Amino acid sequence: APVAHIGVYAARRARLAAQLGPGGIALIPTAPERKRNRDNEHPYRFDSYFYYLTGFTEPNAWLLLDEHGHSTLFCQPKDLQREIWDGYRLGPEAAPAALGVSAAHSIDELDARLPALLENRSSLCYPFATHPGLEGRIDGWLHKVRARARYGALCPDTQRDLCALLDEMRLFKDAHELELMRRAAQISAGAHVRAMQQCARWLRGGRALREYHLEAELLHEFRRHGAQGPAYGSIVAAGANACVLHYRADAAPVRPGELVLIDAGCELDGYASDITRTFPANGRFSGPQRDAYQLVLAAQEAAVAATRPGQRFTDPHQASVRVLAQGMLDLGLLDGTKVGTLDDVIEQRHYFRFYMHRTGHWLGLDVHDVGRYVEPGEIGQVSERTDPLSGETIKDRPSRILRPGMVLTLEPGLYVRPADDVPPAFWNIGIRIEDDAVVTEHGCELITRAVPVAPEAIEALMRD
Amino acid sequence: APVAHIGVYAARRARLAAQLGPGGIALIPTAPERKRNRDNEHPYRFDSYFYYLTGFTEPNAWLLLDEHGHSTLFCQPKDLQREIWDGYRLGPEAAPAALGVSAAHSIDELDARLPALLENRSSLCYPFATHPGLEGRIDGWLHKVRARARYGALCPDTQRDLCALLDEMRLFKDAHELELMRRAAQISAGAHVRAMQQCARWLRGGRALREYHLEAELLHEFRRHGAQGPAYGSIVAAGANACVLHYRADAAPVRPGELVLIDAGCELDGYASDITRTFPANGRFSGPQRDAYQLVLAAQEAAVAATRPGQRFTDPHQASVRVLAQGMLDLGLLDGTKVGTLDDVIEQRHYFRFYMHRTGHWLGLDVHDVGRYVEPGEIGQVSERTDPLSGETIKDRPSRILRPGMVLTLEPGLYVRPADDVPPAFWNIGIRIEDDAVVTEHGCELITRAVPVAPEAIEALMRD
Amino acid sequence: APVAHIGVYAARRARLAAQLGPGGIALIPTAPERKRNRDNEHPYRFDSYFYYLTGFTEPNAWLLLDEHGHSTLFCQPKDLQREIWDGYRLGPEAAPAALGVSAAHSIDELDARLPALLENRSSLCYPFATHPGLEGRIDGWLHKVRARARYGALCPDTQRDLCALLDEMRLFKDAHELELMRRAAQISAGAHVRAMQQCARWLRGGRALREYHLEAELLHEFRRHGAQGPAYGSIVAAGANACVLHYRADAAPVRPGELVLIDAGCELDGYASDITRTFPANGRFSGPQRDAYQLVLAAQEAAVAATRPGQRFTDPHQASVRVLAQGMLDLGLLDGTKVGTLDDVIEQRHYFRFYMHRTGHWLGLDVHDVGRYVEPGEIGQVSERTDPLSGETIKDRPSRILRPGMVLTLEPGLYVRPADDVPPAFWNIGIRIEDDAVVTEHGCELITRAVPVAPEAIEALMRD
Amino acid sequence: APVAHIGVYAARRARLAAQLGPGGIALIPTAPERKRNRDNEHPYRFDSYFYYLTGFTEPNAWLLLDEHGHSTLFCQPKDLQREIWDGYRLGPEAAPAALGVSAAHSIDELDARLPALLENRSSLCYPFATHPGLEGRIDGWLHKVRARARYGALCPDTQRDLCALLDEMRLFKDAHELELMRRAAQISAGAHVRAMQQCARWLRGGRALREYHLEAELLHEFRRHGAQGPAYGSIVAAGANACVLHYRADAAPVRPGELVLIDAGCELDGYASDITRTFPANGRFSGPQRDAYQLVLAAQEAAVAATRPGQRFTDPHQASVRVLAQGMLDLGLLDGTKVGTLDDVIEQRHYFRFYMHRTGHWLGLDVHDVGRYVEPGEIGQVSERTDPLSGETIKDRPSRILRPGMVLTLEPGLYVRPADDVPPAFWNIGIRIEDDAVVTEHGCELITRAVPVAPEAIEALMRD
């Protein structure tokens, strides 16, 4: 398929080139194909860094980029026999026009050409610790450069982690990315709506329903809108299964009276969406379910309010935690006579028993997207503390300051496992509400709200 | 999930143990988890050999089996924190009862325990060339055995390929396997029917249709019947795309008047199904489409007729080739004045231009399942020939004799790329018809015929 | 240099071939060159197995041998430029005549030719765990064989340890080997005589003498008789240094009144000799020195007496231990009131404090030569015992039965470190007497006795 | 053995630390032990970089050094049992006092401690492409640092080649190094004198003499003066063997009337010396031998004259080449009517046929010592040229400017292989004269001239 918007990728390459420094050259392979069973492979997913710089989705491709912006692509050569079997290839002849790169060669020439391309550079930039075997191949090429020292060849004596540069770029989404992420969010929201409605409808019809029936709805809805598939393993968790954070949709029965937690989002042209909704299987919250749900919703609202430029990445989390902790005391999940005040609950992390994850993560090409969670300019301001639960010594550095163009999820939750000191009404309730937020000039925009979060709205939807 | 039918797996282990010989021990790891992007993984698929012997689907597990049938499992230990995050684990305490193995330990003890378990064995049997890094780990363990030579430890001095033993076992499906494969075939057939009908309906409705719309139907139908997903990348190829053999469903428009080729099958509890159908997008074959289709269907019928005990694996292929070659002459795809007689077309492989793949493959846990294509008892009867197209020297050994319990696909095809010497009416037509056959006492049973092949039946179906 | 006695090597290859079994093929690389510092290498030493089968001493060579005795050598190609720099190469053209191999190719063709040479074999035999990286290269070649399965190629499904076969062959020395080992022994004995005499002479002359002065004598004597150098790091240990078993000659002063222990032997055309003598630096044993020396000598005599066909490999050791243990009691090194009787001393290994090594080892191409120490036919007769010192459980298997043609060392010793409960007169005395024994029809032949062991003979020698 | 001069090593570490930059840390392992045959190892040689910074000669040691000069040593722990077998170990307790390092730990703790020591550093400096497997181990440690990112750990994102820093330091020898190199040179010169005299004496005595007899003299002389052994494989080449540049002393007969070329030097406490002399076996040059010898000597004199501060590294070579080229024309080795003028001979490299190596190399801890041959400040001034012989394109960069403290060899030669167009009188003559030069304030000092070069002086010496 031809690559649209090649100017977008060229601009990114130019921004990267400007950071490579004198004598610098960057090297980025795409991802390998992954075996599934025997000669059968998983659906191919390109490397996010490589795609960010090229828009190119074929496997077996590498990009080189030098400080002057000269880009060289290695890609699969045209080969009629192979293309009859495995499909169309762009090929190096067409690549410069199609992708805007300066030059292109067959991937078969990679080993032969790389030493000369790395020769006489002073520093080499590539993604550290990302592609198993990459360091070994680079060593092999540099070995050949060194072997030519007698002919005047210089070998790079510095290696830099490309991720450090690209992560910062990718953290701030450009217009092209935001457009794709909004579309992905829209498709995913629609799938959640459909699963909710289908769930209520089936149960009303008295039919036996299992988790995989709901997952089938999601898959269908993602794909029929042109998304390539789920951005991550869809979670469809009925009843107690919702208390397993990364539960995968399986075959458990979905029973009236229980909650269903769905955490699923499609990937569209490489970009992830990430939505969680929790709803009553039969379309109507019971009292304790509603109480717990309202609490998580309030925690999310507090997080949303804390998501705006100038705030830190950890602020939405702290806002959610404060709401959740108070709610745990109010609902009797925590006993104030034992755990102390709200501040004690927060400081001693008593809430962790029912809320054990962070409130969000960056979102983009990767569902847990790249980007430093520490503010770069303040990285040296370290304060040490001891975690009250694990006893582990932790070095705290100032959390990242939110800026327009960042995209993050806001996903507080509450997970109650049965225990003697917990009111039975809440046993096995697992709730999470997750939306995707784009940081804007003055606050944030939730791009996934085409599926409602208010309990009344969910109930209304499920009545249809 | 608990493993049903543990007696089935125990019986397989016993049969393998009996083949290990004096002092023999076998070692089988399951498959690794596969990265997709960043910390996001592909859906987990266990190793087929490991599953065949255990029925166990968790990652990070190994099986040891000695000549006396004593089996030792290494698996993920129980760990509440990890299970809150990643889900239920069976754990080594429960494994012996749940799986019928003799003993079980935590996978964390693998490196510590393996040297002692391999000590004083004379031969070690493991799957060669299947698990990258396995040979290295084995070398490490044997190194520790050798280091204990001073304490009287003996180290295996022979290593045997476990695949050679297990491939023969897996080639003959037992009742449990046939039952699963029939159910998988049934689900897949239903999905094909639904895609055909949806295609016609949508086009009748005047709606724009793309390949991914049809793929969405397949995914939905597989999953809602409890299949875990597609057994391989679904092919939904509209028009000329059908001439790319391993084309993957993409975004091409599906246009009335064109054929659509769908090659897709679900995987159910590890077992693959594999069906191909080709149909007119609008539900009605044109004349040349029908002629070509009838030819491929006749070729498949010839293959079916040749599939029975005592025949060779290559017999269905030769039967199909003979029908197809004659048809190519009859339809004018090949010019008899240039290529000669039917026998010349076959001998010189002129048909290869329009039919370039084999007519089938073993089917089972892997879609291209294991099993020797050469008859074991006749392996030394080699005859050399020169391939008329490539000039390559090929050693022919007698093809496998078909026996009851083998399962194979029968999938002739015809693929016509545009060319000056080819009638334009056939340009860009790609047709394949594939069914899954179980070899029975006196012939074969096609388990995928719940989706029709006769052109009239397809047209009837698509009218509904 | 041309290889003499090519018939000897051909006969060995034929004996090995006869053991490879149907479809068997053996693969043996020679040793790599070893880096010392920067581009500077250690003196090259070929692999002992490879040399045993070829007599060929160049690096970068491999031997293949099939069950029919067909042998293929890969070796360095003729190359005038390289030969101007690095010296003469035999080259593949001359190799068949010079070495008696069936065929020879350039080492540059190894990767290209190996897959075809391994194709259609049923088992592959190579030295396990001996050449780092070999397993990986073999995997690579077999990968190429497997990739040709479609052309009828069979891949070996069994791998056997070549060492198991060759170790047995090498354990029994043929006439050619015994001739070389006798010459090596003769040279080494001469070097010991010279070092003893030089030591006494220098000290008589009042000159300061250091260990390295004596090592220089050994090196000179080895090399001027055409030996390539020491077979192992020469031990020249003055005074207390003799209590460090693998001490290397260094710069310690050699003082009158102290003993000097020299353990050194040359390597001649690949074959090791191994002699230890202990002598008084000034040529005259003191009383305690003489007592201790006589004890070790008696222990060696007991070992010699126990070295004859039909005895076990461990018999000389047990004979030495019994003499030494009694002597330790007699000399007051062990206090019978504390350690009990002679049998207690042996059973509880009290002697280990002063005699902590075995009494000998096989000798041949390697100084610690290959060959099983367990009797092959009795390998299954295991008895377990607990080591009284370490508490380690040890599996005992019947020790090897001595047969004519085996060559082993006989080297009891006594090492006394200072301690409160040990008579000060023996402090820092370290004594070892080692000779090389060829097992003969009715006993053994000591081939290293051109240097005397009797204390009087040593004193006489050192007076000259 | 205790390390003397620990201040010397501390000063070097301080100079290196000052170059590591903010957040920098350096990591330097010593060399591994090298296998020779079976369990027998080559004499241990430490890594030159590691030794340069520590003076420590045990294997299994690593140095870490941070930007503030804090140094951490990992070394073999004290272990009485191991020390009884393998000798004294310094141990981490004694290391700080003995070596002047800030801290020391057991090598057994390396893997456990390294991640914490690399944490929160911004750049990591280690020797690139020098220690096989080092990159992999570093990746492993950094992987553990990255895994602690959640606890605030930062991982170095830059890797620098330590060699680039240390090579510059080592290029300029300090007083301690020059003192050692002078002593090594003195010992080697004495060995050459002795070999010459012994050669003449032996032949006068009518005895059969082989190359290894002369090598024995060298070994003896090196070792008895306390040198550890040869710094590189000694070349003792009789007659035509001298035309093989890296010939190793073997068993060729040394015949009266032939020349003998000896290229050998000892290594003393890690420092190499490197001397070549060529002399008539019987002590008297023939006419053509003398003519050729005088030519090489004149070439060396020209090289010596060109060795002074401000000259380039290539100047001595060019001076030698000019003299040699003129001599080749004068002696009739080159035919001026065919090859043209002196300038043509130089420009077209006709001289290469008889003089095919460079005139020298840096000398120090490594015989071909480290140090850039290109002037660092002028590295970007590249000029391309085509080699007239190979056709290879060569990038020339300005050659290194000589400065006081550099040590290099000056070793022109002449090698005449038989050919129709060469006067038979010169056939098989190979001559090289090599001395070690320290660049001084105003010129250079030859530290190896205790063995003469003048033909008359050699003849006089050999008469004694």
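Assorted remarks:
As written, the chains take the letters A, B, C and D, and residue 1 is the first residue of each chain.
Keep this in mind: a residue touches a chain if its C-beta (ideal position, glycine included) is under 8 Å from a C-beta of that chain, and two chains touch if they have at least 3 such contacts.
Everything numeric in this text was worked out from a predicted model, so none of it was measured.
Taken together, chain B and chain C share no touching chain. Using the mean of the Cα atoms as each chain's centre, the chain most removed from chain A is C.
Each chain gets one centre point, the mean of its Cα atoms, and the points for chain A and chain B are 33 Å apart.
Distance between chain centres (mean CA atoms), chain B to chain D: 61 Å. The mean-CA centres of chain A and chain D are about 54 angstrom from one another, to the nearest whole unit.
Shared interface positions of chain B, defined as residues touching 2 or more other chains, are absent. In terms of inter-chain touching, the protein chains here make up one closed cycle, each touching precisely two others. Residues 120, 128-129, 135-136, 139, 142-143, 146, 151-154, 157-161, 163-164, 374, 379, 382, 392-397 of chain D touch chain A in their complex.
Taken together, the chain D residues at the contact with chain C in this complex read 1, 31, 34-43, 45, 47-48, 83-88, 210, 212-213, 215-217, 219-224, 226, 231-233, 243-248, 250-251, 356, 365-370, 415, 417.
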